[in-house]
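Got some structures for you, see below.
You will see two complexes here that share chain A, one where it goes with chain B and one where it goes with chain C.
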Partner chain A sequence: MNTNTYIVGRGFLYWLDARAKLLLIVLLSVMVFFPSHYLALSLLFLLIFIIVWYSVGFKQSLRPLRSLLFIIVVMALFIPLTQRGGEPLWAVKGTVLVTREGVAHFATLALRLLIVTYSCTLYIWSTPMAAINLALRWYGLSYKGALTVTLAFRFIPFIGETFVMIRDSHSLRSASDSSQKERLRLGDLVPTVTSALVFALKAIPHLATTLEHRGFGSTLKRSSYKRLEAKGGLFIHFLLSVIILLATFVLLNSI
Partner chain B sequence: MSDYFKIEGLTFAYQGYGQDEEPPAVFRNLSLTLQEGGKVLILGPPDSGKTTLARIMSGLLPRYIEGELKGEVLLNGRSVPNLAPWELLEECTLVAQNPQEQLLMTTCGDEVAFPLESLAIQHPELEARADAALESWGLLEYKEVNPQELSGGERKRLLLAVTEAIGAPLWIMDEPFDDLDEGWRQVLKEKIKTREGAVILFASRYLDEFDPLFGSHYLLEGGALSGGDVKAKLAKVEGGEPFKVEQDLLHGEHTLKCNEVVIGHSRRSTDTVVPFTLKVDNFEITTGEVVALVGPNGSGKSTFSRVLCGLSSTLEGSVTLDGTPLNNQERLFRVAYLFQNPDYGIFLPSVREELGWSQRHTAPQTREALVGEGASLFDLSLEENPSMMSYGKRKKLQAAVYYILDRPFVIIDEIDSGLTYSDAYKIVALLKKRGAGVIVITHDRSFTLNLASRQYKIEEGEVVESGVGE
Partner chain C sequence: MNEKERPKSAALSIALMSVLTAVVVVFTIFPRIPTPIHGYINLSDVIITFSAYLFGPWVAAVAGGLGTGLADIIGGFPQWAPFSFLIHGLQGIMIALIARIGLKKGVPGDAKIYMQILGGVVGMVIMAGGYYVVGGFLYGFRAALVEIPLNLIQSGVGVILGIVVSKSVLKAYPAVRSLAL
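Showing the complex of A and B:
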């Protein structure tokens, strides 16, 4: 999952309350695992992609897709080979390699992966981290649990950005001429990943000490800087989430 | 008057891992006394243990990083090592040298509010205190901005805002003036001066801003604090004469130039702050010269550097070498860039491997000779583990890496951070030894006056040439 934190954007999802949105995302993610036709899933993914595009822009909306591309290519190569029963689409010397059912199975799995990834990513992009923390606590998660989740979302992209900085630093040290560019980049991946991991490991004791230095662990009941405010009333927000879920259910069962 | 803060017979050694011999003690029998409201300056060269001592004083060491501590550290009569860090929240606050270590949250407002939430401060006081601290450090408009989108100096100001919001009677500050521009250094100086609470400040060199802030000065060297003749101590730490080396223009004479360049980006986390843009109509540097690049925090010095070295692209205009436009890839191996944070470029388990990595495609004998030369010139031990070295020493290692790479142009970002004057002068002198053109980014006027022949300044979104030291 691409876990970049909050990105300024526009649209309905930025207005929707973090609690109602969380319910919507979780139930939507569960719903796509019900038996559905891949065309219905395609339609749902297309709708979600258009919403992401409208919310954060086209370039940004492609990022989760780019992250998943490798996995999807691997799935495309191997899933049809494991599902060879049914109507043959491609056979070599009498051996069936690809069937319509195999392709459908691959499409269903890939679309489920894309829908869940895009939905969760959009939640994180459209919801400030403090609001996610408060929403998780509203659902009964302890402060420590909610903080752990939000810190993970804070640090995973941080490590990703660190990886980019380290890669940049290494490219400055490796660069010689353009003809060697690609070969060096591949060869440099291991030390770059190693550096990012070392950086991340070194950050752990600093994170722990800073949390405690800022009062985490104290027995005092914490106050809260941010509050969740549902414009128009929380009921309206939940009602809208339920309506969207029902519409999705209808869509998934229409084909 | 009673002793407010007292260290008595402190001895500390980090825990060794997988080594036959235990690491040597960082301090031996160190003692210090501070009265209530007292202000102490502790100077020490890189690797003298300033950060370690600051962490011990704040109750953060030994804890998640292990070590053996003997002796007493008392704050208001209470033993600091026996208290949990959260019990010290209202007593003392540490400002770390590297602000990245202390940033937890995803907006500046949340960062300042986090310790106030721990203190159970309720609205509207909570918001008022957070806003006042942010405003006091010029960050109120960045309240909803992700700290990761701030410049190094702005992050340092954010930590200072957190410290101010907590309002603890003791501030422990590890190189707090580093990364701050001239204006914000004056603000910090004034805050320390007018403050009723106590301050313990650690620094690698004596800055003009330290006059006359501190009641007592110490030198931390050889694991102990020494008082006595302050002037002599400072001279010993600074060794502030520009380092002289013979210069050969091995790269020949070349000019790197920006023609009508425009750089820009927007912030991902908010649209309330005006997107960043920088105009560079006429910037140039020739091999063999040292040029200073100065400007306030967040003005775009690092962003401009990334464009010069080919890590980022321009929106408009071109970067040329002797009149020929260079694309990003062509700039990558002509312009070296020493990042503000040395850790981005250091990743191998020994100085030898770190220095040799960039030369891995050269013949072993040539590589060994270069590695040996780099280590010797920059006072590094080949078998030392970079991750166990001090921040200042890691900066020296980063400089040694680029010395070996021998690029015709070098940018050094925030050279003054964590280094003594003598070390910083030496780094610049060595990097220009073979005739490189060096761009020095700094907030310290002494550096620009002593090092640079020309200066560019970033003013109101534009890079313009100005008089040196202005």
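Showing the complex of A and C:
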């Protein structure tokens, strides 16, 4: 089971410090919810898409779009049809079905969703998970919180593999067609989940003992061996993030 | 380590939360149960309910919130991660707190079955309602209505299986009680 979200790529965002980038992504995601014209949002989305394309390649840059396709189709069906006040664009036998305002509302919501999704996705693609954890530590995440995340990542592949083994063992006990192999059959659900849980729970005392042996819970301050290095100085990275945010603000308010 | 010292062990609580977080991630990503409306539901709610019934509100909140948030990040939906953290965290807290009302001794899973179901139903409302509100802001309140039935099915399955699985785990591995904080 692969838990790595980092994708090798190129460009400015790969150079930018994880802390400054996190601030940029969070504030950008908030900023798109301020009232702005859908043309400005379209321009911003186009810009972000080009950055993603340049950073990770065209094929990879379409992945978030594919994951959002279903909900965008639902939005396209619901929003213009339910918001029918304003200038009519399409009417059947005198009944207004689509208005300019309805389409504009749909475009605004869809673009907001796309911008937020692409920004967040680009952050996790361009930042290794260890750097994200350190950035969150810098913003105040406790040592225990960071340790919990790190240990969880250590255990995900182990529990994932165990679960697959248990699921396959249960499926071998009864004849089944190959199309159902990857799915969990309802009859096997409770025994499979119970077995996997018991296996995982048995690891807890061992992990707790290991942590205590390594001095966890000691009153002495913990040593830290990893730190984030911002090339050119952290101030420059934050300054660049603020400049990008200001440019985005100007773009969103200029149309 | 004796029984009286155990609740104070920070190492045990970190180990418990880490392993259960990993379990939530695995059960969010791996098992897929097909639904009639051509989709899949995951089993994250089963583990959140299980954690709430056996380990109480804080373990359920951390495992549920962190686990589903990490699963969103790994699964390619990072925009949902902060909201999943809050919604499932609150879901875990409320399931455990309601289930253990009136319980003097033991884990919330020892409570009367109707209290466990009530806790689960409140958890279902929090989960479906939370995602509806967030979905409303992200892609409009009308479009977000589409997700309510699927979320209710997923959390409903989670409550039923969570109760069954917590009973079967208690039977299969009675030592689990000693891990409860």
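Please note the rule applied: the second predicted complex is superposed on the first by the 167 of 255 C-alpha atoms of A that agree within 3 Å, B and C clash if a C-alpha of one lies under 4 Å from a C-alpha of the other, contacts with A are read in each partner's own complex, and residues count from 1 in each chain.
Simple rule for what comes next: a residue touches a chain if its C-beta (ideal position, glycine included) is under 8 Å from a C-beta of that chain, and two chains touch if they have at least 3 such contacts.
Just so it is clear, the structure is predicted and the values come from calculations on it, not from any experiment.
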{"item": "Partner chain(s) touched by A:212 [first = chain B, second = chain C, both, neither]", "value": "both"}
{"item": "Which superposed partner A:151 touches (first chain B, second chain C, both, neither)", "value": "both"}
{"item": "Partner chain(s) touched by A:194 [first = chain B, second = chain C, both, neither]", "value": "both"}
{"item": "Touched partner set for A:112, first chain B, second chain C, both or neither", "value": "second"}
{"item": "Touching partner for A:5 - first (chain B), second (chain C), both, neither", "value": "both"}
{"item": "Contacts of A:142 with chain B and chain C, given as first, second, both or neither", "value": "neither"}
{"item": "Contacts of A:165 with chain B and chain C, given as first, second, both or neither", "value": "first"}
{"item": "Which of chain B and chain C A:202 touches, first, second, both or neither", "value": "both"}
{"item": "Which superposed partner A:254 touches (first chain B, second chain C, both, neither)", "value": "neither"}
{"item": "Overlap of the chain B and chain C footprints on chain A, listed as residue numbers", "value": "5, 151, 154, 158, 194, 198, 202-205, 207-209, 211-212, 216-217"}
{"item": "Touch list for chain A against partner chain B, complex", "value": "4-8, 128-130, 150-151, 154, 158, 161-162, 165-166, 168-178, 181, 191-192, 194-195, 198-199, 202-218, 220-226"}
{"item": "Touching residues on chain C, where the partner in the complex is chain A", "value": "9-12, 14-23, 25-27, 29-34, 43, 46-47, 50, 62, 66-67, 70, 73-74, 76-79, 81, 137-140, 142-143, 146, 161, 164-165, 168-169, 172-173, 176, 179"}
{"item": "Residues of chain B that touch chain A when the two form their complex", "value": "55, 58-61, 63-65, 84-89, 93-94, 101-107, 109-110, 113-123, 126-127, 130, 144, 146, 148, 162, 267-271, 306, 309-311, 329-330, 332-333, 336-337, 339, 341, 343-348, 357-358, 387, 401-402, 405"}
{"item": "Complex interface listing, chain A residues touching chain C", "value": "1, 3, 5, 29, 33, 63-64, 67, 71-72, 74-75, 78-79, 82, 105-106, 109-110, 112-113, 116-117, 120-121, 123-124, 144, 147-149, 151-156, 158-160, 163-164, 167, 182-184, 186, 189-190, 193-194, 196-198, 200-205, 207-209, 211-212, 216-217"}
